[in-house]
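Each of the two complexes below includes chain A, the first together with chain B, the second together with chain C.
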Partner chain A sequence: MSKSFLSPLFFWAVRDLKRRPLESCLLTAALLFTVTLTATPLLFTQAATTTWVSILAGGPSLVVREFNTMGWAPIPADESVAIAKNVTGVIAARARVWGHVAGPSGLLTVIGIDPNRPPPWATLIPNEGEVAVSVDIERDLAAADLTVIGQETATLKVIGEFKAHTALAVNKALLVHIDNAREILGLPSGYASDLAIDVFNPAEEAAIQPDLAAAFPRPVRITTRTESAGIHTAGLARRGGVAVVILVPALLALCLLVTVTVRERLGRRFEIGLLKALGWTTGDIVSLQALRAVTIGITATVGGMFVAFILVYHHDSNWPGIFYTEWQNLPTRLSFNPLDLALPLLEATGLVVLPFLVATIGTALRCAVSDPGEMLERNYF
Partner chain B sequence: MPDRIWNCKRCSTILCLAAMVALAFFIPSWAAGPGKGPTPGRKTLDPSGRMHIKATDRCPVCGMRVADYVKFSSAIQLADNTTHYFCSCGCMLRAWLYPDIFLAAVREDLKTPVVREYFTGDQLDGRTVFWVAGSDVVGPMGPALVPVMGEKALAAFKRRHGGRTVFLLEELDPDKWFAITGRKATK
Partner chain C sequence: MKGGLECHRLTFTRQSPDGREKRVLNDLNATFFAGQLALIAGETGAGKSTLLHALAGLLRPTQGEVLADGEPVSRWVSAHRDLWRRKVGIVFQSDRLIGDLSAMENVFLPLVPRGYRPGECRRLAIKALRRLQADGFATEAVHKLSGGERQRVAIARALVSQPSYLLVDEPTAHQDGNSAAAIADTLLAVAAAGATVVVTAHDARILTSGITRHRYQLECGRLRMKG
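Up next is the complex of A and B:
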């Protein structure tokens, strides 16, 4: 007769769970819910950070803006590009036209596109008088036109919407012809909002700044990709951290309930006394309880992580965007990196499952080392 | 006693798993075979001298995956056009100094060293660039030996990152390497 790979104690533990199905299911569900609550904000933070970093990786290494006493100032496009390209380490420079305007439902970002040199990410190229809009802009869908108010008021013909999966990158954004963008934003012809610069080596992002600033005849502010990523990810991490901290009292309460349930379960010391009288060792009894707790813990962890995964990554799920970033009705599609699961998994295990296992095994150990005769004499029927 | 272990299903499963893990570690070194030297890159340089690094290409000096450090990667093409890719310029220079140890090739077989210029990423012949040691640039193997092209780029690099020593590839020998790094190139 072949021996099973699994210990017989494991089957005892499963049978023990099946003896009290309601109690076992409630215990597993409580732990699963707790794991989900803990893991979801962390997983969302990780996923959004990964998405931001991947979006920014496709963007410029540095952004240069000119400033004067009134604030930021338009930058002469061709002259600035020529100055930047003359600085050692700059491999590409392009002037960008963009800014904020008032739309039908609040502030919108206008991005000017030159149809002769469209950026690779632009799937819709608007001609003069046309506009492509992001999916989150509230507008009259029946109307073919969209009116925006900047330095000038313009009514533009809507030619389409960006795909939903671009929502994180083009939040409340309008793509218009570069000349229209200049008119709406009040930029003189030949001027741009800022300069996007690429360098080959990431170490140059910081090192090139003094040379770049010195090359321009007017004061400039330079923002690196690392700084941009830091601004976005720090905000997300703060929100995720606050969410977990807020949840800690609830988690502790749940853990306490679970621990009390476990103690109640192990309070039936008559059973343990009987097992010891039948020849079970202390190790056998502790192993049985440990296997029982591990079975529940693993089921709850896997289930909880799965629910958290679905909540965060399901592409029709828009609540994380609403909850964490104040976007409305925005279906976010977040980038998935398997390593992003590691931190939420560790934290959920450490905060929820580990205390449960420690409480169970500790209580089991205390019971198991007691005198069996004393345990049998106590009437727990 | 061995029979008992082997007849125990759990023990035999653990032993099998351990054997598989050990094989996974040692098969690559067996496959190379004694005396055959390191495995060259899967693709050689193209006619314009550009590198074609594949995910499986490993640095013959340190064993790291070259594709993970593309911005610092470099290559040596041998006379028979086989190409070895390196994770960093430091590894490439060590192989250039000691091809018999790291590439199982003689010095006369060394044909072209290819490096990525620090500022532009252009792929250039390593004999045409200035090499800077002792700067604050850190590569995959620690403090980097940085190739820069032209006097203007060299001045900009030294202004931004410092650098104790500037040399040309033709000036590099074991003594120079020791003076730059404080270690022998073979260690």
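Up next is the complex of A and C:
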């Protein structure tokens, strides 16, 4: 006898699925959409976390802000840079000028750019009176000027749009000349919003904090890169988790649907009785149902993960931003790490495919253990 | 007993629609030897099909036992009987084919759980169908076939796994004279090859054909030898 490497039961399972194509397609589609709905928030959370970590990796190790009795206060730029550089372990310090202002349709983030020392990510360098705007800013494209209202009102000439890799972190951003930024934000000359500090050893971020705080003559608040990442990723994870929990009733409904479908199919007990009369064991019949379920499950998982991948990583995909972060018109460019697929894949499999398999196999087992005569008899005698 | 099927004080009770118990088989003793074809006649409702089902391990007797090659298979647990049933080929009175499958697919159904390659399954199915002159409609869905054609497909399905025990219920009911004779020859050949063949019939052509001298009459739940 010539035995098959791949179980002939598998071929028969596929043939059995083709016997009822509509039922098979609907079941696969239902499972595929459930996998998509489950995997998308998980994948988005993973991708956003990776992106955050990537963005923050390119940012400063520590951020120092000054506070007085009124709250946040501007920090003297040159003096603060000099103080920070004297702290052991600090390798670079730069004063940053940035803040929030009112734009034509909401809050905008103004970032001051020093043309003599532009940051490497700034592809457009505005001169005085000019502004480069991020693509998500709603404005009249025909208008060449943009008016913003901060401590001072300023009308700036728009020199172009930029798509920042940091879109997830900073949205609705304006790049303006550093002097214009100080004017708009009401910062005195020579003052900055905060201080960005790089340290020699990232593992020492937390250890340097007390020395750094002690070096400043006024009270400061210091945020580490790890703390920044934690704040943002915790928020994303919470939203992703809530989205998955909302799907639990849908998963229960799916399991119920599967149980009813399998029971109905096996309810045609004549066919099961016949197979047993022809030499099929209970194990063969359960294996057949399991292979059918695995075929549907794998198709739905691969399809569902693919759709989730496209939804999250597609180049101009802006819905995750709208859905999860309430940002409008933002094409979030998320960093892709193949390992990010693993957790959503495992969770989608555990939450959707596994209950589906258990529902199928459990129901099949209960239906197939009877004696064949009993199953054939109803129609026979 | 070695080689064959034996019924020992076999009793099968069934509840009738009015709630009364009816003994379909009553303390029945019989031996069907390997290499022989046994023919069982009896009136409609005499219990011929029930006897075949009990012999095939599809029904558990109310009392008594069925021995196969000396082993009390009717007492075995379901899992063991499921496996033993692979040695049995059965043809039901009504063909019991799956209507939306082709003739060939119906025939290779018994081979699927035995690990044959799909190509091998098809080859063996075609061979079995050819033996019954049924290979001409191998790819037709069986719901499109005539009663006689369906019956030949059902017999091919029973033969495809080369069973040690072949149990056939009314094999020639829907056949013309030539086909009935061909089927009888096939069953004789299977018996000659060493299988235990038990055939039930009330078709006069097969009862009077003289294909076997091992003839029984089933009456009042008991088997009486005629040959």
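Points to keep in mind about this one:
Here is the rule we go by: the second predicted complex is superposed on the first by the 369 of 381 C-alpha atoms of A that agree within 3 Å, B and C clash if a C-alpha of one lies under 4 Å from a C-alpha of the other, contacts with A are read in each partner's own complex, and residues count from 1 in each chain.
The criterion applied here is as follows: a residue touches a chain if its C-beta (ideal position, glycine included) is under 8 Å from a C-beta of that chain, and two chains touch if they have at least 3 such contacts.
Everything numeric here is computed off the predicted structure, so don't read it as measured data.
When both complexes are overlaid on chain A, chain B and chain C end up sitting side by side without clashing. Put chain B and chain C next to each other and count what each touches on chain A; the higher total goes to C. Touch criterion met: A:L376 reaches chain C, while chain B stays clear of it. By the touch criterion defined above, A:F200 lies against chain B but remains apart from chain C after alignment on the C-alpha atoms of chain A.
Using the contact criterion defined above for the overlaid structures, shared-chain residue A:I149 touches neither chain B nor chain C, since it reaches no partner. Touch criterion met: A:F11 reaches chain C, while chain B stays clear of it. In the superposed model, A:L256 lies in contact with neither chain B nor chain C. In the superposition on chain A, contact of A:V245 is made with neither chain B nor chain C. Using the contact criterion defined above for the overlaid structures, shared-chain residue A:T281 touches chain C, although it does not reach chain B. Once chain A of one complex is fitted onto chain A of the other, the partner contacts of A:R19 are limited to chain C, with no touch recorded for chain B.
Here chain B and chain C sit at a least CA-CA distance of 12 Å once the structures share a frame through chain A.
When the two complexes are laid over each other on chain A, chain A has residues 2-3 in contact with both chain B and chain C. On chain B, the positions that touch chain A within their shared complex are 8-10, 13, 71, 118-121, 137-138, 152-153, 156-157, 159-161. Of all residues in chain A, only 2-3, 5, 88-89, 91, 199-204, 207-208, 210-211 touch chain B in the complex they form. Only residues 1-4, 7-9, 11-12, 15, 19, 270-271, 273-282, 284, 369, 371-373, 376-377, 380-381 of chain A touch chain C when the two sit together in their complex.
For chain C in complex with chain A, the residues that touch the partner chain are 14, 49-50, 53, 56, 58-60, 78-79, 82-83, 85-86, 88, 90, 92, 94, 96, 98, 100-101, 105, 109-118, 120-121, 157, 161.
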